[in-house]
Structure formats: structure tokens, C-alpha cells
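Two complexes come next, and they have one chain in common, subunit A, joined by subunit B in the first and subunit C in the second.
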Partner chain A sequence: MKRKLLALLLAAAMVLSLAACGSKEGSDLPGITAGKTIKIGFVGFLSGQDAYLGQGAKMALEDYIEELNAKGGILGKKVELIAYDIGMDPNTETANACNRLIQQDKVVAIIGPESTEQAMVAIPIVTEGKVPMVVTTASNPLVTVAEDGTLNKYMYRMCFTDPYQGTALANFAYNDLGLRNTAFLGDVTNIYCEGIQNCYRDEFTKIGGSIATEEGMMASDVDFRAQLTTIAESGADSILLATGSYKVVSFVAKQMRQLGLDLTLLGVDGWYANELLDLAGPELEGSFMTNMVSDDDPIFADYIEKFTAKHPGTTPNVYAYYALDAMMSIEWAINQAGVANSTEIMNKLETMKDVPVFTDKLTIEPDTHNPHNKTVSIIQITDSQFKTYKLYTPEDK
Partner chain B sequence: MACSCVAAHLFHGGDFGMSVVIQQIVTGLSIGGVYALLAVGYALIYSVFDFSNFAFGCVMMVSAFVAYYSILAGCSVAMGIALAIAVGILFSVFIELIAYRPLRKKNTSRLFLMITGIGIDMAVTNTAVNLLGANYRPFPNVSVTEPIMMGNIAVGKIDIIALIVSLVALGILWVFLEKTKPGLAIRASAYDTSTAGIMGINVNQVSIIVFVISGVVAAIAGIFFGMKYAIYPSMGTVSTKAFIASVIGGLGNLEGAVIGGIILGLLETFVSGYISSTYRDLFSYGLLILVLLFMPGGLLAKSKSDKL
Partner chain C sequence: MQYFGSVLTLAGINMIMVIGLAVLVGYTGLFSMGHAGFMMIGAYTAVIFYKYLGVPFAVCILLSGVFSVIIGLVIGYPTMRSRLTGDQFAIAMMGFGEAIRMIVSNTEPVFNGALGISGFPKLTSLWVVTLLVALGLILMFNFIKSAYGKNCIAVREQEIAAEIMGVDIVKTKVIALAVSAFYVGVGGALFAFYMTFISPAMIAASKSSDLLAGVVFGGMGSISGPAIAGGALAILPEILRAFSTWRLVIYGVLFVVVMLFKPEGLLGYREISFKPVIRFFGRLFGKKTAAESVKTDNRNGGDADE
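After this line comes the complex of A and B, so read on.
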């Protein structure tokens, strides 16, 4: 009797699963094909000290999808955003979120995460699940191209890479600021920092500059006066502070002032947080940094106004802009493919050429899955504000 | 900016070797000062109750936030500091009354008291993260970044203030312990808590006084830490270093705690400045292990009778 019941149940399960397959269009395609709604995943920092990374992005995506659905969605299907927070334990939660998005929620594409470390965690999961991941601001080259040179097919990136900004910053420091001797203060256990330092060193020494000293630190540190004293002794004229932690930047700037050090402080996109200016605006006066966008660019003015009106007390940031770029790229790819299937989206994304997205016209390099010739904004901190100093666009090689 | 240019000039001209060493010593003393203050808080409670109050870091954090919000709400800086110390005292005594005392009454092992302390610390810190957000906040209305130059050596104003206040606080504490009746009661309890109780000393009252002092110390440390760096929910983690300092100096020994704090501050600065900050904690914990191996009682190990 028990056996018969089991057989019956099994048969029922098979019929049901067949029916489930039959109800979907494009079920012969590998990967995930959307059902009635097109589900898109978002993985990012929505809580904790780094919540500024993901909260604005999630709001911007929700607003955009709301408008999109009001206009009829994509291919006549409604779009749904499924967002997971990775704020408390980023690496583990990224793995959990990606697994859940693919296996349970059946998303056709994932937007985020914001940082390289978590993007690296996601690579094997999205590759196995055959779902493309479009990272917003994770800038290490290894996110899209593995160490042995093979392309991570399912990974795409919206921002420029670390070598790109390290090289741009080295050129700017040497040619525009006339700096010749840079000291490094960086977290050498962080691949983001290491990537930028390596590229800065290569470019800066190639064009004639030198590296005075390389001092280490840890992101959890609060006091950097010991290293700064050593840097002062080294005769450096500038300090490259490649960190993604605005806390570190503010402490270093204050302690430089305390030690009476007047060296040019050079920074990177990881500095970009309004909280930094509250903590150490005056101390950072005159510092330079590279960034992915310039918020004071007039092209964002209307959007910022609209966003702030809808979400009082919050302003959109670069992470929101790049999340919108990712969303628009995915939308474009689905329209091109004519079907909301994850592998089709993956295939179409690499054919993007001068496609208008939120921040710019986007061309994806098929061999690296990076955007082609992204403009680097050089920002100077003046009057406790981030102000665009110069735009730097590399020429075609 | 004028003075910083001069300083940069001085750094680049002239004989650095010696002045760099002195600059590193000044920095080390300033870092060690915070450790020393917190280490005293650990030592005091250990001396009386034979356990380490691991909820110390969260008292420090809560006090700093009280100063932050009260100054933002319009209080003067002095008023904000006074409120912070008051809340530090209340919170410290509150922890003693709701967590430690009931456990001591049940004669639980000291180990459980320490685990309770860690639990309280985690709970309070995570509540603060959820309620207030984990952002870093500058100490309001206090600008401390301009240095005072002594020849080539830059000394932070806040470091000088912190040093003076810490020394005064430790001085008052010493006078209190050595010259007053409640101080005598604390010393008697440190010698032997049960005997002191039998001899008519109200040990519960002693515990309140000890936790009041611990609250004051935590609040002062929190305020200076906030002024020097920033105020944020996880700022209490610095007390781990202070604990190491108090073990190096000799658990339960006040002078030992001060010396341990300063040694640790100097060691960390010199390792960061001359070797690499990547190895800094390796040296700190390494020193701890060496001290425990060869001088298990700490550098200033004393017989039980002169613990304080």
C-alpha cells in the first residue's frame, strides 16, 4: 500500500513538474526563463555602516521599475525587483542571497554587489546558475576576468576598473599637479587597495615619478600617526590613500593636520561618501580623488531633484546611478533577445555598443565585459564639497 | 595652515632621526594614555571581584553618544561631558545591579560573569548599530586638529588635555583609595571580599562605588576617544587592547594597568612606524603571551595583600 502511494505521489510530482515546464515559454533555453513576471535580483548593503552603498540604489531601482511597469513593463511583462541585504556579514550573505535569487526566486539577472570582495564570492554561483550578474561599482579586474585570463562569462561591470583609475590618477598627479614622489598608505590585505597601488606605481614610475615609501594599515585602525611620521621622514610630496573606508580617510586627514603635515592627499572612488565631508571636510580641503561620476554634473540635476522630492532626506549617489545603468542594460538586453532568459541576457549584454544608459552611452568590451573608455572624474574637495576638477577620458589604444 | 607648512619644512630639512623617534614616542604616549585609562577600569573591578568587566567598552560607547546627542541638542560641551559622565555612572551601576550582582549572589563561577559581560557588550553595541546606524560621527563643537609645535615635534592639543585629565583622574582615584574610609573599604575588599564582609564592610556598597568609578573612567575615555577619532557604535572594541594592557601590567593592579597601557601604546606605534602596521597586533599579542609565560602575574605582579 505504502509503495503504491509513493508511486502515485511520484507520478503526480512528475506530471506537475512537466506542466510547470510547459507553461513557460522558451523553456528549451539554458538558464532561467522568466514566467509571468520578470524577476531581477539585487544584492547590496542595505544595513550597517555601509548601508549608504545600497539603500539609494534600491530606491532608484524601485522607482525606475515602477515607471517601467506603468508603461507596460518589458516585452509586455511586469518587472519585479527582489533585493537582499548583505550588510551584517557581507561575504556569507552574498553567497546566500545569490543562491536564493537563482534557486528559489528564479531571477533572470542580478544587479550588484558594490564591492569587489563580494563580487568575487558571487562568481561561481552565478556561473553555475547561468544567471548574469551586473556589478555596479566593484572595480577589481578579477571580477570579470580571472587571474589566468579567462573571461567570467556571466559577470559584467558598469564602472571602470582599478588599473584604469590608478593609471589616470598617476598621470594626473604627475602632469597636472607636478608631483614626483608619492608615499602609499594602504590596506595591503584588501585587493581593491592593492590593485590601485600596483597600477599607480607602474604608471607613476614609468613616467618619471618615484614611490617614497609604502606604509601598511588595517581598515579597522583608528590611529595612523606612526605611519604618517615615517612618510614625513621619507620626503614624499604626496600620499596615495587607496581605501574604501571614509572613516580611514577622515582619521588620516585629521592626524596629518595634528602632525602638521602638508602633503597632497590623493584618493580614489572609495572615498566618495558625504559622511566623509561631515567628519573631516576642512582637513581634506584641497585633496584630489578619482571618481566614477561627478554629482555636480548638470545631467544629474533633474534626477536628483525628482529623487529627493520622492524620498525626502536622501540624495541619490553614484551607487544608485550605476545600479540604474545596470538595470537599463538588462532591459536593453531582454528587448534585444525578445525573451527574458538569463543566458540570452548574458549573450546580448556583450553586444552593447553606444547604448544610452543613465550615466552615459555604454559600450561593453566583449573580451573583458568592462565598459569601454569610461570617463574618470577628477574631484577636488573644496569648501567641504566634492567638486569636479577635471574629466579624464583615455584615448583608444 | 601657516604652522603646518612650517612643520612640513622642518620635517624635510634638518636632522630627522632623533625628532622622528621623539615624535613616535609622543604618539605612542597619546595612544597608550587611552589604553591606560581603560585598563585602570578593568584593574579596579578585577582587584575587588576577581573578574574582568567585559561590558566596559559599551559603557564607553554609550557615554560618548550621550555627549554627542546632548551637544547636538544644544547643551554646551561642558554640559554634554557632564551628562556623559552621569550616564556612564548610571549605566555601569545598572549593569552591576541587573547582571553581575544576581550572578554573584548565586555564587556562580567568575567565568560566567565575564561571559555575561561579553553578552551585554554585544547586545548594547548591536542595538546601537540598529537604532543609530553605524556611521562615524565627529565630536560636535570641538576642534582639536591644530597641533602645538615644540620644535620639530607636533603634539595634539587633545593629547595634552587627555593626558592632564587622565593624570588628575588617576590622582583623585589614588587619594580616594588611600586616604578615605570608602577607599579603605575597597582595599579591604580587594584583599579578601568575604572576610571584609564578615568584618562589617558593606560589600554591596563597595561594589556600587567601584562600578561608579568604572563608569566615570569609561565615560572619560569615551569622550577623549570620540574627540580624537570619532564616535561610532563599535568604538568600544578599543577596550580589548586596554584589557591586554591590564594583563601585561598585572591584572588587578592600578599602577600596572597604567604602565601596561603606555607600554602597549609605545609598542604599537613603533611597530607601525618602523616595521609595518600589519604586524602590529602580532607584537601586541606576542608581548601578552611572553608576559604570561614568564611573569604570569604581569609586569607588576604583587602579593595579594597590596593589590591596589
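After this line comes the complex of A and C, so read on.
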């Protein structure tokens, strides 16, 4: 028994010694104030099968910060990006990476992660550390506003939320395309998919449409013929394929053509990857999807050209654009505050109103920390390219 | 130094689950590819009891273990009855793990489907985890030394011989499964209360193989080996951060290297002995403790032979 007690005591002593190492910051402002350089953290998928989410974003951020430093940095201080990968075990790694960024690296703000689940994990960590986190594409409302309606003060979002997108798509399908009977094909274990499906269902049935059938799948599946056959028999005129994986989209599109199914395929911003068009461009002809940006807009052309010249073989994606938006917002907030302090940045981000960032003019809603009236791009795939079909901007209620 | 605390906490949670699985995989010789299912059960049980029924945290942790055991018995008894061995059992458990994930994902009331449950505080601290790791290790060592533990080893080594000797094979295997389910369930609960958010996608099927890797990596007939491996495998990716995107490759290569040169795992069939430490303290504190430690040493020595 003594031996065991000893082991316990030793373990406790170890823990205590670790706790004793903690030191206080030498600033009167709460949170973290930048020292010689302004450190900005980035948390995202840089490896693994979802690496396309974060790699482009990291490159874009590095390029931007290089330019920024060449111009003298922010408030005369150099900016440094510290990027951590969460590709191996995303949730635990997000917790570790955020703790490390805040405790060890002393960043004043964190950009990312890309998905809702990881953003949820980060909430208590950034709140405790008093460091604002600007998520790029984590679109579930719960990221910024908790279930009980309280605001997660330190969380900001650059993209629109799932309800916003689902509602826009339902309206577009009903009014513009004249669709009345949609079938769902989605991964119900995925928050993103379920969020969009729920909102689409609510809005679409409210305005008079109906849902033919709801078919499940898994993101790792490669064969969808069984579900597609059921959908064909259900009499649906369209399929909503709410997935964040472009591989799934390409499989579904190809198998639809093989089965001779000629239904309108409706997609979401998770489709948006140039790789998709290489895989299944012709099969997706005529499909519609909602998106966060329309980068066939000429204003993006210069940037895309510059990016591809610098990083041969890669093109920037929406995750890169939104990371830049986040970076520019943080830059704006530091300039406004006049000091690179994490709580000051948090306070200033809330006051953003028509601030020009990379993709758009950004207004942040102070009560939800979401962008206000963000434009939804409706994109049609024509000639194996993403072409903007229509811009949908909600009006103030 | 909260960062180290965070890494250690997650490593501790992993340790608890890996030593739980070690009883089943290492000692009883039944491979399981679906213990993430128990983690999910544990996590959701604890969260639901805490959030909707207002049960205290400590009780929730216990309940999550108990629920995992109940489900473990439900799935375990029929599979053991029908004498599923080796690969068959591993695949059956894989199906079980996926089934649990699908059930949770598709149950809207209470479980909230894929959206998961949020809105509960962070209650898992390094203290709680350290305490439970210590407690878990002590109980596990005692279990292994008990008649049940010896039965498990007998079943692993020669099932038919064990049966002839009068060992109830089905009961032994079910008990081993229940013990592992309890540990993994508790681990799941601690994980949920550390993340303050739980959704089915967070406990993916790959978690099962991670746990299994911990046991194989640590040693197939050891508790301290898997305990160390479970902690190390959770900490390693953080240490490898310096290598940026190459770290997954390095992680994989390290795995292959260890398995090539030490196929029996880090500790194989041995346990870490406290002998030198005890002797040292024995000398410090006088004869009585020394005499006591010699007695425990003998017990330890007996273990090592197995």
C-alpha cells in the first residue's frame, strides 16, 4: 500500500511542479499583449486527407504577412505566423494546438479551424486564454452563440452560417429553378450536412415544396447507386447533396450519369474545390451550388495569378480567401486599438462595419459575431467551370 | 504551463482507455476493433446524466463506466456464447462500434444527432485524470493478479487446455470485455468533459485502432507497457510538431521501426518493477519498510514470470 501511496505522491508532486511554472504577463491589459513581434496563430488541416483545407490558407497567410512586413508590419511591428497542424487527430490536436499557441507562443489572435467540431473544442480554451479566434469556414451557429443564447465573446466567424446557406438555397431552388420535390443525400453523422439539411427542409416546406426522401451515406463511401435508385423511385426532381467532401460529389455525379438519372443536383459551399472539376466536371454540368465567394469575379483574377506563380501547381481556394479575410480583420482591429492586445482585438472586431477585407466589405453583428448580410453566390457548373449564376443578398428584416 | 497540462490530461485519458483494452487484447487475446463504441457510450452517458438530469460529475463518470459495462454484456454474451474467436470477434466489435456511432448520429431526441451536445462545463482536470489513472492502474494490477486475471491468461495461452482445467471460458471472456468496457467508458466520459462538446464524428472509428495500437505497441502481456504507450502515443504528435507536415510520416515510421525491432511491444510480457525505487526508500526509512518491500518484490517477481 505504501508503494502505491508513494507512486501517487510522486505523480502529484510532478503535477504541482508543472503548475508552479506558470508566470504572469507583465502588462496591465487583460489577455496577451504582443512583444517585439505580433504573433498570429493558425490552426488547421495541413496534413491528412483534409489537407486541402489548410494548406492553401497557410500559404496565402504567409504571402500576405510577408508583404505586410515588407511594408513595415502592423503598428511598426513585424508580424509572425505560427501555424499548427491538426490533421492527425483533429479534436485533441485542436485543444493542444490552441493551448500551445496561447500559453507558449503568446499569440494575440488565432485564425481557423475550418470545421465546426474543432471550433467547438476551441471555445473554452480561447475564452479562458482571452484570445480571439476568427474561424474561417466553421459554419454552425453554435460556434459563436452557445445553445442557451449567450455569446461566445472570443469567437468570430468570417463565413455565413448553415441556416443562412440552407435557406438561400431552398429559396433559389423553389423560386428560380421551379423545383418542388427535393431528395436529400447526406452524411447524417456530419454536423455541417445535418445543419444545412435541417434548414433547407424547414424553408423549402414552408414555401410550398416537399422533401421526397432522405437518404443517408458516409463520407468514406464510394458507391451510392443504392441510394440513387431509391431517390429515382421517389419521384424527386432534385437532389440536395450537402457534403464537405468533393470526392463524394464526384462519385455521386458519375454514378448518377451511369444510372441515367437526370435530376438537378444542388450543392453547397463544401463542394467548392477545383479538384472536383478535374474529377467530374462534365458529369456535373448544370448543377447548382451555393458558395461563399465567386472567384470568377475579375477582382480575384490578379490574386489567383500571383498565387499560382508563387506556388506552382496550386490555386487558392475559398479557405485561403477566408483566412485572408480573418487576417485583414485582425490587422484592422490592431490598427484601430492602437495596441496588439488580444482582448482589445476582441473588442474592436465587434465594431467592424463595412470594413474592406479580401472578399467583400465586412460588417460583424455584435450580438452574434457573424458577418452581417453576407452575399451568397449561387454558382452553376458550366463547361467544367464554376460560373456565378446569381448573387443573393438577404435584406434587413 | 497549461499547455503541458492539456497534453498530459489527454495523454492520461488515453492511458486509461489503453490499459482497459489491454485486459481484453493483451491478457485475454481477443482483438477488438470497436472500442470507440464504448468510448461513445461513456461520453454520451456522462454528458446526458450531467446535463439533463443534474447528476454530479463524479457519479456521471461512474455511471458512464457502468453503462458501458451493461452494453458490453449485451454485445459480449452472445458473441462469446457463439464462440467467436480472433478475427471474427474483432470484426463483430467493429460492427458494434459503427452501429453505436450510427445509432447516436440518427437519434434526434436527447442525443441531438450529428449536431452533438454542447453547453456543459469543463470538469476534467489534470488532477481528476491523474487520480483516475493511478486508481485505474492499481485496480488493474490487482485484477491481473486475481484468479480472474489468471483465467484470462489461461484462455489466451490455450483455450482448450484452460477449459479442461475447469476455467469457464465464456465467463472469463465476458468479464474481460466488461472490465475493458468500463475503462474505455470512463475514458470517453473524461474526454467529453475535457472537450466540453461531444458529437459522433469526434469519436471516429479510427479511435478504436489508435487504442489497439497502444496495446500492441506497449506489449501484449503487460499493463505498464500499454499504459506508457498510451501516454506516449498521445504526447508524441505534439513532440513531433517541430517537423510540421512531416510529423505524420515520422509517426508512422517510428511505429514500423518499433514493430520491426521489438515485435513483442515496448515491454512485451514484463511489467515495470518498482523494486529499485522501493529499495532506495527502504534504505532511507529503515528496516520495516524494507522488509515489506521485499515481500511485494516477491509478488512482482511472480508476475514477471508469467
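Keep this in mind: the second predicted complex is superposed on the first by the 371 of 397 C-alpha atoms of A that agree within 3 Å, B and C clash if a C-alpha of one lies under 4 Å from a C-alpha of the other, contacts with A are read in each partner's own complex, and residues count from 1 in each chain.
In this section, a contact is a pair of C-beta atoms (placed from the backbone, for glycine too) under 8 Å apart; a residue touches a chain by one contact, two chains touch by 3 or more.
From a predicted model like this one, the values you see are computed outputs, not experimental measurements.
When the two structures are aligned on the shared chain, A:L391 is found in touch with neither subunit B nor subunit C. Once the two complexes are laid over each other on the shared chain, residue contacts for A:I207 go to neither subunit B nor subunit C.
After overlaying the two complexes on the shared chain, residue contacts for A:G48 are found with subunit B and with subunit C alike.
Looking at the superposed arrangement, the partner reaching more residues of subunit A, out of subunit B and subunit C, is C. Touch criterion not met for A:A301: it reaches neither subunit B nor subunit C.
By the touch criterion defined above, A:V188 lies against subunit B and subunit C together after alignment on the C-alpha atoms of chain A. When the shared chain is aligned, subunit B comes close enough to touch A:E275, but subunit C does not.
On subunit A, the surface patch touched by subunit B in one complex and by subunit C in the other comprises residues 48, 51, 188-189, 216.
Taken together, the subunit A residues at the contact with subunit C in this complex read 2-4, 6-8, 11-12, 15, 18-19, 21-22, 46-48, 51, 84-85, 87-89, 91-93, 95-96, 99-100, 102-104, 117, 120-121, 123-125, 140, 142, 146-148, 187-191, 193-195, 216. Only residues 1-8, 10, 101-102, 105-106, 113-116, 118-119, 122, 126-127, 130, 133-134, 138, 194-197, 199-202, 210, 234, 237-238, 241, 244-245, 247-248, 251, 274, 277-278, 281, 289, 292-293, 296 of subunit C touch subunit A when the two sit together in their complex. Those residues of subunit A lying in contact with subunit B across their complex are 48-51, 188-189, 215-218, 220-227, 229-230, 232-233, 235, 246-247, 250-251, 254, 257-263, 275, 278-280, 283. Here subunit B touches subunit A in the complex through residues 1, 3-8, 11-12, 16, 20, 23-24, 27-28, 30-31, 129, 133-138, 144-147, 149, 154, 156, 229-230, 232, 237-238, 268-274, 276-278, 280, going by the rule given at the top.
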